[in-house]
Every structure is written in structure tokens, then in C-alpha cells.
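Per-chain numbering from 1; labels A, B and C assigned in written order.
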Amino acid sequence: MITPEQVWQTVKAIRTHNPLVINITNNVVTNTTANALLALGASPAMSHAVEEMDELPALGNALVLNIGTPERSYIESMFKACETATRCNIPIVLDPVAAGMTRLRIDICTRLLDSFSMAVIRGNASEIMALAGEKSLSKGADSTNTSNEAIDAGKFLARQRKTIISISGARDYITNGEDVLTIDNGHPMMPKITGLGCTATAITGACVGVCSDHLLAAADAMAIMGICGEMAARDAQGPGTLQLHFYDALYNLDRASVQAMLRTHG
Amino acid sequence: MITPEQVWQTVKAIRTHNPLVINITNNVVTNTTANALLALGASPAMSHAVEEMDELPALGNALVLNIGTPERSYIESMFKACETATRCNIPIVLDPVAAGMTRLRIDICTRLLDSFSMAVIRGNASEIMALAGEKSLSKGADSTNTSNEAIDAGKFLARQRKTIISISGARDYITNGEDVLTIDNGHPMMPKITGLGCTATAITGACVGVCSDHLLAAADAMAIMGICGEMAARDAQGPGTLQLHFYDALYNLDRASVQAMLRTHG
Amino acid sequence: MITPEQVWQTVKAIRTHNPLVINITNNVVTNTTANALLALGASPAMSHAVEEMDELPALGNALVLNIGTPERSYIESMFKACETATRCNIPIVLDPVAAGMTRLRIDICTRLLDSFSMAVIRGNASEIMALAGEKSLSKGADSTNTSNEAIDAGKFLARQRKTIISISGARDYITNGEDVLTIDNGHPMMPKITGLGCTATAITGACVGVCSDHLLAAADAMAIMGICGEMAARDAQGPGTLQLHFYDALYNLDRASVQAMLRTHG
């Protein structure tokens, strides 16, 4: 079960320990995900230089992979980084951006999952369904399915790949293949900001970096995203102001807000 | 002739149909142009992975090419993407960023234009003059000429390349080689935000994705840019707040604002 | 000695002459550093395409190199660009991002410094100490040492490499190996925005592009950063609003603010 106190302890641990999150991510969100990690209290490192991937992941508390712009050099770096992270027991979080959109993307994900063990895979419904072998087409980075349609796919994938699956949507579902946690926070304007899904994945990396129960860590991340999104929406006139206030909310998030705002079921 | 109703119908069509705009763009504006497309109601996909360019453009309603950071892998992806888009009849919009600044840039543009048919080319005066073979040096991404100095070059280029030329500046000129539409909206602080020209091109992609009259579509895009820029400037204390409010304006743009604010001549 | 009038004259020169600053920088900050340069009054050009590096740097008033995402193609471009800049007498500014974090990064810096003469090297304490051969580990792009611990390393490096060393931190130190200027402006929330160090380096490029005394130019840049950071912090509720107001402050910076706010010692 996910409780406000669980979420808050993870936020506090991030601010106290400043986990170093190594990100090999797409070139749309390098800036915004680094800012979100900093605002929350984590330390980001962003790189896609294969020549340092025998060293860099070993320094981190988590490794985040995001295939949003799957150029060859990024992917080559991911495989090298996974080898290092696996050797050093660093948890890996994967964001299979638009996995169902092209053959290239599903191939990369399959090769990564066949080769390495992931702590968490966070995606939207279309992405999780595509990874589980179901037909669901991404539209750009956006899902064409709602998150509840992907629960079975998520549970199957969690068992198949021995990992945690985090499905984001109006309701977020987080599962280890047996248990399913849900988070109902968030705001309908959030999908109008590019890369908030990628931000959720980066923050999942920060949570996994301080909380060894990866099911709870993945749920904490979605709770932080959703609550901060709601806080940001209070003063937002559109997606521009929403994004801005979102960083401020990550920075200012306190125990009282988590306790008052967390909405979870089951 | 461009009318408020024409502009508004295009905005409405974007919000109804959410055209998927495939962008191979420079790594300065991947985030900001994706956000602008989302705020207006379109769906962006950003990638420069050549391995998926036999598939990705076929899914889109428009393909946008921007040569701002003309690294080899980006350019290779553009040629592959153009082949796919041409085969599938997807309109292509080209932004010849700083075309006159280096030999590399003019060479890339010439090769693209010799090989493929563009729906629209959107650039500033220096860029359009450079493409037409006239001497005009870009200063970074900025023009050293005013837009009216490029009208003849634009008309020549439109006829030569059988395309629409959209020249942005204090006054925007859009021409098919015969007719010239003008848009007088905008704000003098807009050039102090990096990549608003690139944003104009991305939004031209969204307009072309829902409006098959590419002359009108290209003018609609400049009208949307200019009107939203003016709306954003009302509350801006500088380019930081201007950019922020610009996204909000794209999101909130309504028929009444278009009717009250559109300024067009000829 | 650094005076308010010196800083202000440099700001004025940037706004009058709009120096073109060529940036080969990491893909986290391409957008934000271009925006900062524009807001202050400079003209940015961002590229990492090796094929134009025989031309592009020759057009600029300064060349800025930033190794934050040291992918092969970026580094190859830097070496080519340095050849051109050196041949054309264009000053080069280097940001050795996270130099001490991996072997790759220190190797790149060493090869650059062995091959070319830099006008200014700007880094945080860990980076400067790593370049001087001392042990100091970067945590992501963040320093694990305070700036005063790096003064001796900075002076040594300035003499060894015949350059200006600019060490940023709560107090900034700028040295030619003999004299040390200090700037005490800034705000503790600034490190919560990604890439403000990279922005300091880009602005150092703008200052070097208009002020041939590179010791003063490097100090001017840190003064501009710190003062604008303080101005921005007045209205900031968190790092999101801070970043936004920072661009506005660069745009609105005036003589009275510089005179009232500059804090310098020795």
C-alpha cells in the first residue's frame, strides 16, 4: 500500500542524500528532466558519450534510459551503460518512448530487456501494451489507449521481465505482476507539456536511488508528479506557466501537501 | 486573401484533428517547438534516428526539416525521411536556418531542393535570399536584411522550386511566386527568444497538416505566431516571461482574439 | 580591480555590438544558453557540425566550448573549430564540465589545452582542481568543493596554461595567475537550475568578444550572472520562476542596478 508518509519519506531521502541519477535520454528533454531532478533535490548527470559509459553509471545511484530520440550513438551508449550498471548493481529505469511507433523502437526495447534486468519500466498505456506484444500505436510520444486498458499487459510484462511496470495516465497503475498500486493525482493539462512522461521516469530514477522497494519507489514517483502537477495547475493559465510552476512545486513540496493531496486506491 | 475566419478555421482544425507533425530539427529547439505544437493542439514527434525514417514520416500529417544544427546524422535522416514522405504524399516544410552562413548549409538546402518537392520553405530574409543565390549573410540564426528586401528573391524561389515561400520579419510575406500575402502581427521582443523562427516553421507544419492550400496554411501559421506573440507581450517583462506566456497564448487563442488582432495587407 | 563602471561598459558594448558567440556546447543547455546570450544582447550560433567548423568560428567574436555531453562528434567539432579560431585570432572560452568525473573528460580537456591557447577557462572548484591535477570528484555537473579551495589550483593553471581561470561558486574567483578578482553576487537557489554554469561560460564568451582584457571580461561575466541571479530571485518562488526571471533580468539589466548591487573584494 502506498501512504502519504511513504511518499514523504522518499522525498525527504532524495533531499538528504541527493542521489546521482545518470541519464541517457532523448534530446527533447535533457534540459527539463535535469531541472526536475535538481528541483526535487537529486543530482542529474546527462550524457550519451559511449566512451565514458564504462565509468559514469558506476558513480550513480540509478541509471535512467529513455529511447525518445533513438539515434545510434545514444543506443550504443545505453547498452554499454547497462553493462556497467549491472556489474555495479545500480538499478536501471527504462522509458520505452513511443515503443509501438516504429520497428526500431520495439527492437531496441526488446534487445535491452533480453540483455539486462530493469528495476522499473515506466511508460504510457500504448508503450506498455507494445512491449507486451499487444497492438497499440503511439501518436508521437502520446498514448492512443487509456491506462486501465494496459493493466493486464503491465502485469504480464512485470512477471515476464521480473520488473516493476509503471503505467502513467489519468490514473497511474504500478505493478510487480501481482499487486497493483494506483495513483489518481495529476491534471489534464499536463500532457500539453512535452516530456512530462520522461520527467516521471527521471524522478522514478531518483526514487529508486533512495528506496530499495522498487514497487513503492515507482509509485512514489508518480505521486510526486501528480501532486506537483496539481499544485502547479493552481496558478497556471496554460502549459507555459504550468511547466514553470511545476519546477517550483517540486522544490517546495512539503509533508502537509503530500498528506492533504495524495489520492490512491487499492 | 487571408482573413480572420481562415486563420481561425485552421486553428480549430488543428485542435480537432491533432495533426502529427514529424520533426527532424536542431538540438536547440527540440523542446520548445514540441511544446509550441502541443500547446496549439498538434501532436509532435521529434527524432533524428535514420533507422526509423523509412516508417516514421509515413505516420505523420506533415514532415518538418530544420537544418539549424546540421550534423551528419541529422542530415542523413532528413534525406531518408524525405524519400518516405514523398512516397506517401506527406507535405514537407523546410527551415533553412542560417543558410547563407556556411557552405555546408547552402549545400544541404540545395541538395534537398534538387531532390525533393517542398510544400513550404519558411525562413528570414537572409535565408531566403541565400537560397535564391543572392548575397546575404546570416548572423547566427538572425537575418541581416529586412523581410521586404527578400520579396523578389522569395517570388523567384517560389517559381523556381514550385513551392510556397514564407519570409518572416517585422512584416511577414508569404508567396506562391505570383500572389503575396502579408501578416503584420508580432512583437519586437520576439527575436530575443531563441528559435521562434523554428517554432514558426513547426507551426507551419501543423497548418499544412490540416489545410491543403499551402499558401493559406503558411500565412495562417505566421498569423498565429504574430497574434500569440502580441498576446504574450502584454504581460511580459522580458524574453523569459514572453516565451512562457507565448505557450499559454497558443493554448488559449480564440476566435475573438484572431478577429480583433489579425493585421494583414494586400 | 573590477568596478561597476567596468561591468556596465561591457554590458553596453554587448548591446551595441551584438558579438556573435559560436557555441559548441552540450545538448542540455543549447536552448538556455542561446536564450541568455540573446537576452543580454549578444548573437548566439549553436552548432556541432564538424563540416562547417572550418568556416563558422571565423565569423564569430568568440568561440565557446563546453564538454558537458562529450559525444565523439561534438569533440571532433571542437578541435576543428579551435584550429579555425586560432588561425583567425578568435578568443576561445572553455567550460570543462565535470572534468574530474570520468577519464574521457579530463583527457579531452588535456588534449584541448595541450593543442590550443584558451582566453578563459571557467569552471567550478572541482573542475578547476581536476584540470590542475588535483583530486576532486564532480557529482554530475556539481562541485564537491567550495570555490576558495580551488584558488591555488586556479593560479597554477592560469600560469601553466597562460590563460584566465574563472572559478564559480558562492564567491567567484577570477585569476591570471597573479591577480585574483572576486565577485560575491549570486543567490543560493541558482545551482538548482541546470546549466547556469554553462550560461556563465557563454556570457564569458560574449564579454571576451567585446573586451580584450580577458581578466576583466571574465569577471564582468560573473558579475552579470550574479547580479541578474539576485534580481531574478526577488520574485522567484522556486527554480522555475527563477530561471524565467533570470532571462528578464539579463534583458533589463541597467547601470543603476550594477552600481547598487555589485559586490567585489580585493
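The definition used in the following text is that a contact is a pair of C-beta atoms (placed from the backbone, for glycine too) under 8 Å apart; a residue touches a chain by one contact, two chains touch by 3 or more.
Nothing here was measured: the structure is a model prediction, and the numbers come from that model.
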| item | value |
| --- | --- |
| Relative orientation of copies chain A and chain B, as a Cα rotation angle in degrees, nearest 5 | 120 |
| Homomeric contact chain A-chain C: same or different residue positions, threshold half | different |
| Inter-chain centre distance, chain A versus chain C - centres from mean C-alpha coordinates, in Å | 32 |
| Residues of chain C engaged with two or more neighbouring chains | 27, 31, 73, 243-244 |
| Chain B residues within the chain C interface of the complex | 26-29, 31-32, 68-73, 98, 101-105, 139-142, 191-195, 236-241, 243-244 |
| List of chain C residues in touch with chain B within their complex | 18, 20, 27, 30-31, 34-35, 38-39, 43-52, 55-56, 59, 73, 243-252 |
